[in-house]
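Dropping the structure in here first, questions after.
As written, the chains take the letters A, B, C and D, and residue 1 is the first residue of each chain.
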Amino acid sequence: MAEIPMQTVGPIKIVGSVLNEEILVPLATLESPLWPSTNRGAKVSRECGGITSSVVDDHMSRSIILEANNVDEAQKVVVSLKQERSELEAVVANTSRYAQLTDVHFQIVGCLIYIRLAMRTGDASGHNMVTQAAEAIQSWIMKTYSNLAYVSLSGNMCTDKKVSSINGILGRGKYVVCELTVSASTCKTILKTTPASIVELNVKKNLIGSTLSGGVFCANAHYANILLGFYLATGQDAANIVEGSQGITYAQCRGDDLYFSVTLPNVIVGSVGSGKHVPYADKNLELLGCRVEREPGENARRLAAICGATVLCGELSLMAALTNPGELMRAHRALERKET
Amino acid sequence: MAEIPMQTVGPIKIVGSVLNEEILVPLATLESPLWPSTNRGAKVSRECGGITSSVVDDHMSRSIILEANNVDEAQKVVVSLKQERSELEAVVANTSRYAQLTDVHFQIVGCLIYIRLAMRTGDASGHNMVTQAAEAIQSWIMKTYSNLAYVSLSGNMCTDKKVSSINGILGRGKYVVCELTVSASTCKTILKTTPASIVELNVKKNLIGSTLSGGVFCANAHYANILLGFYLATGQDAANIVEGSQGITYAQCRGDDLYFSVTLPNVIVGSVGSGKHVPYADKNLELLGCRVEREPGENARRLAAICGATVLCGELSLMAALTNPGELMRAHRALERKET
Amino acid sequence: MAEIPMQTVGPIKIVGSVLNEEILVPLATLESPLWPSTNRGAKVSRECGGITSSVVDDHMSRSIILEANNVDEAQKVVVSLKQERSELEAVVANTSRYAQLTDVHFQIVGCLIYIRLAMRTGDASGHNMVTQAAEAIQSWIMKTYSNLAYVSLSGNMCTDKKVSSINGILGRGKYVVCELTVSASTCKTILKTTPASIVELNVKKNLIGSTLSGGVFCANAHYANILLGFYLATGQDAANIVEGSQGITYAQCRGDDLYFSVTLPNVIVGSVGSGKHVPYADKNLELLGCRVEREPGENARRLAAICGATVLCGELSLMAALTNPGELMRAHRALERKET
Amino acid sequence: MAEIPMQTVGPIKIVGSVLNEEILVPLATLESPLWPSTNRGAKVSRECGGITSSVVDDHMSRSIILEANNVDEAQKVVVSLKQERSELEAVVANTSRYAQLTDVHFQIVGCLIYIRLAMRTGDASGHNMVTQAAEAIQSWIMKTYSNLAYVSLSGNMCTDKKVSSINGILGRGKYVVCELTVSASTCKTILKTTPASIVELNVKKNLIGSTLSGGVFCANAHYANILLGFYLATGQDAANIVEGSQGITYAQCRGDDLYFSVTLPNVIVGSVGSGKHVPYADKNLELLGCRVEREPGENARRLAAICGATVLCGELSLMAALTNPGELMRAHRALERKET
């Protein structure tokens, strides 16, 4: 067993249509400063009326590759498949009672056909569910269009655990947007900074700095750190922090207040399925209120909403720290000294 | 504690100038099919003379932001700093006996100055070491050029745990390249495939599919999965799988044989430092032979070389599976049934 | 007047459902080697049964930005607009008898709403038509949802004349795919190369080289050169070569033959509209057979199909040249000497 | 001849170390609104003390590919070539009295070696000069390391006329930064807007909108339009607007004033060489003062500095227009009506 230290942060105050609570959140990490940092954000959330957390979209994806003899055949198949949406939906529905086809995206490259399938997957994150459904779709297509050859059950247009734009544009997992309005006085007392400082830093670091790095969809400071802690604590496939790390932090001054938001188009979490039943994950998912009898998908969306709010806490705290020369290293050094 | 299941795979046969051994490698993961899959690749490595694993570059990076009053001032500072390389080197060397400045990269945006610092960091992965050195550099610059204002100690051009091109181009952590030549008969008996099938799939999936995803530096099938398992097992900051997931799989037919390679420009691992002294990591690093008295940096490079070879094993096995319609899901279903 | 030299290349033999002809194509360029190079490809097209040129998609895009007070409002508007597709279609149709809404793509970032609108635009390339329709949509939305504020009529998610992934993924202009099968003997006699050499070079240069450049959707050798010549000769907005330059060259060995294809997701051309009625463009569009009475859009798609085939000719010829050490510079030097 | 309409805009007031003048600039374009729009920016430049235009870097690039038998050989060659920098410099210098090697960048992928060469090229934009030098370098390397095989004289890591990050990070052509400070009253009278409106729009459109498009290094509104007009008017290889279109617009409020800057890392222009001696280009280059006896490279850098300032004029004007709902379309409609 790799035993990753785990602590609870919060409570984080979350509001909105998905949940309305103050909630404690477990984070498993070897980077111990993550806990006090996220805790500082949580304190702000309680002072300032709570973080609104919204799940604006929800589907898992898998892509397949087929090969035609030439572009004409490829084009005919694509045109025809666009007409056969209901057949495709039936094929998917047949593979699991939770799988529901929501989008089919095609690309043709010469004689090659790439198809990205998006689906609702109930409360599972859905890796296996979409693979199984994709396999069924691919078999059905090859039976229906006998001139096509199999190329791959996974075509890198999914895109699973790799950095791309397609997940940002078409979505993968839950698309979570969280926001918080922080008064100038809370900025000062808890975050030791000002709204204008945060807004400026966000432009210079997260937006322009990321552009200079040749980054794609990565205008944030450290979503990946918080996602890793959250995913490990709740039994997720933590390699999905790769696409999860993509997202946009946006802040603006509103009068004297700070409006601060995080947008995460690719939060891949489930409350059931592979990995979620190891004992510590089981317990954490229960504590997070994601094992309650609800409509399929609602527990997973609740989990995603909590995840997003936790990311906001950690992001806000680090951004605040970076506005103050020296603060970041002082904090790290102090913590490390304590640990020794 | 989040207790992540851990198993040993291999032994993997590794050759080359860094190490020449058959070695067992621990992987911690919730995705149980990863073990048998990587094991299949390890078996190939033993049949085929071993995986050559090379570390072709090695440095950690951090970026800072400063603000001038205008572009003229910004340009003058940059021109001047390029002359003061030895001063900058001294400032870095002064912060740690392991830190050694290897590259300074500048970008000017209007009146803003972005500086990416690359350093050798001994056997540590070096997150804290480069941050500390960057802080010292930033202080020194601000003292020397009093017209500059502090913007941020981290400028997203580092780039830490975010998806970018700069890490692929300038490198971050260890740049590892591994290769293996597999005979047609081993392809058939162990991998159930042919060299030509692997070569073709690599083009259609890893190269073209990734292009269609709007991906950057991500022409591979699943480096992230194996990296996560390796990083968790050895006490690394596993959020670095974000940049680690970037890399290029390249295969070619050589006569009847398969030449198969993985190129990972951003393997961020250390054998000492934060996280490496939790008990299970300590033990694993010792088993991997990375706690031996060596020149500073050699233990970490050994670790990176093993990491790359492990990635090759997992990548080769999945690629082989994907050439066979149905094999991937059959394997997953069989394993899950066993687990129930 | 800037007087750009113009010559006719070809005839290029084009087959497929859009057109079936041998056709002469004008190219305006200051890079004189472009003509003989494209001519070589044209000769291959005549020897080998013609280039199949397909237009697999067709729509122009523009994006708008609106601002809500918070994410909840933003989400409600997006949910509601998805229901009001027919109203949006009516608003668009009302701005021009050729404009027809085909796709609406939403992204929410905090309280900001980004909407990318895709439309059929008849035979015009459609820059102004989509801007006008986008303006009408934006006005309609702001009237319907009075809580929204105007941000911008163009939101960089269009994306016009900038490098992005969204145009490759969702398309912009005509999505053109062209292919040709070249016998080994024609490869040898006209192209001085072999099918295998072209296939290998494509992997190493266009696919892997582009990956190393941190490129997005740019797995080709020089689409931009040929597009510029074609756009200038036919009165197009030549700045659209920026997105036009994106695309994928794919080649494979088929028995002894070479299968060679170019895929251009973003060919932005029109046979009418702004710029197309300067005298030389008028004449060229007529010579290309794109001023015939046809269904709206068919002349523009014919133009795009010819454009794609011309790109294939130039791409194939340069790729062949690059397989031979020394050939490229020899050709350039010979041409320059002649010009002197 | 393709006869592209050409008009002169300005005078643009430019200050800084490269030039200090009010200068008229020719733009050739089929998009007629570009002239009045750029003229508006030029008027602002004269009202507000001038645009500071700096050329912060200058070199052209070409990349080559070589193949070793395995990664060990590849690594040895790269290590060795890094020692032989002076030999490489001599090889380059031998191909032209203007060519001067400034940077060599290596990447290894399996057994493949990619080398990006950067050079000073005097007053030429340098396409042919770097190709010729790259050919000489490649020959020299193959002679020196007989175990290497030729792959390609151009490896897509250059990157010529394709969209990448490498040109933004390592530079290609001239790296130009221009800035202007505009008083609130000039913002109001000439630009019909406020500093804050421009600053906000830049964040929402150029920075966040571009991020949502999956764009790389393209945080601007329409650099490509102005570059095309400038390149066509001065005999440049206009296909280089592809990389030229990349760049970052950055604005900030300074007290009541607007600080506005454009950063263009890839301006590829020359005052001599292929295309610059067609009559209209010859004349325009003389009018721009780029045919004066100066140190090699100074005429080309002057041209680049003027180009950047022109881009700033057009960018500022469009950004201002977009802050006002309806203005953009009103302007286009008015111009088109006049033209009819």
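Rule of thumb we're sticking to: a contact is a pair of C-beta atoms (placed from the backbone, for glycine too) under 8 Å apart; a residue touches a chain by one contact, two chains touch by 3 or more.
Being a predicted model, the structure only gives us computed values, none of them experimental.
**Student:** Using the touch definition from the top, list the chains contacting both chain B and chain C.
**Tutor:** A, D
**Student:** Could you pull out the chain whose C-alpha mean position is farthest off from that of chain D?
**Tutor:** A
**Student:** Could you work out how far the Cα centre of chain A sits from that of chain C, in whole Å?
**Tutor:** Inter-chain centre distance comes to 33 Å.
**Student:** Need the CA-centroid distance for the pair chain A / chain D, whole Å please.
**Tutor:** Measuring from centre to centre gives 37 Å for this pair.
**Student:** Which integer distance in Å separates the CA centroid of chain A from that of chain B?
**Tutor:** Centre separation, chain A to chain B: 22 Å.
**Student:** For chain A, what residues touch not just one other chain but two or more?
**Tutor:** Within chain A, residues 107, 109, 112, 164-166, 169, 208, 210, 212, 214, 216-217, 248, 250 contact more than one other chain.
**Student:** Which stretch or stretches of chain C touch chain B in the complex?
**Tutor:** Where chain C meets chain B, its residues are 165-166, 168-169, 200, 203, 207-208, 210-212, 214, 216-217, 219, 248, 250, 252.
**Student:** Along chain D, where are the residues that touch chain C in the complex?
**Tutor:** 1-6, 28, 30-31, 63, 65, 67, 107, 109, 112, 114, 128, 131-132, 135, 138-139, 150-167, 169, 201, 204-206, 208-210, 212-222, 224-225, 227-228, 232-233, 235, 237-239, 241-242, 245-246, 274-275, 278-281, 322-323, 325-326, 328-329, 332, 336
**Student:** Under the touch definition given earlier, write down the residues of chain A that touch chain C in their complex.
**Tutor:** Result: residues 16-17, 52, 54, 56, 70-72, 74-75, 78, 105, 107-112, 164-166, 169-170, 175, 177-179, 214, 216, 248, 250, 259, 261, 263, 265 of chain A touch chain C.
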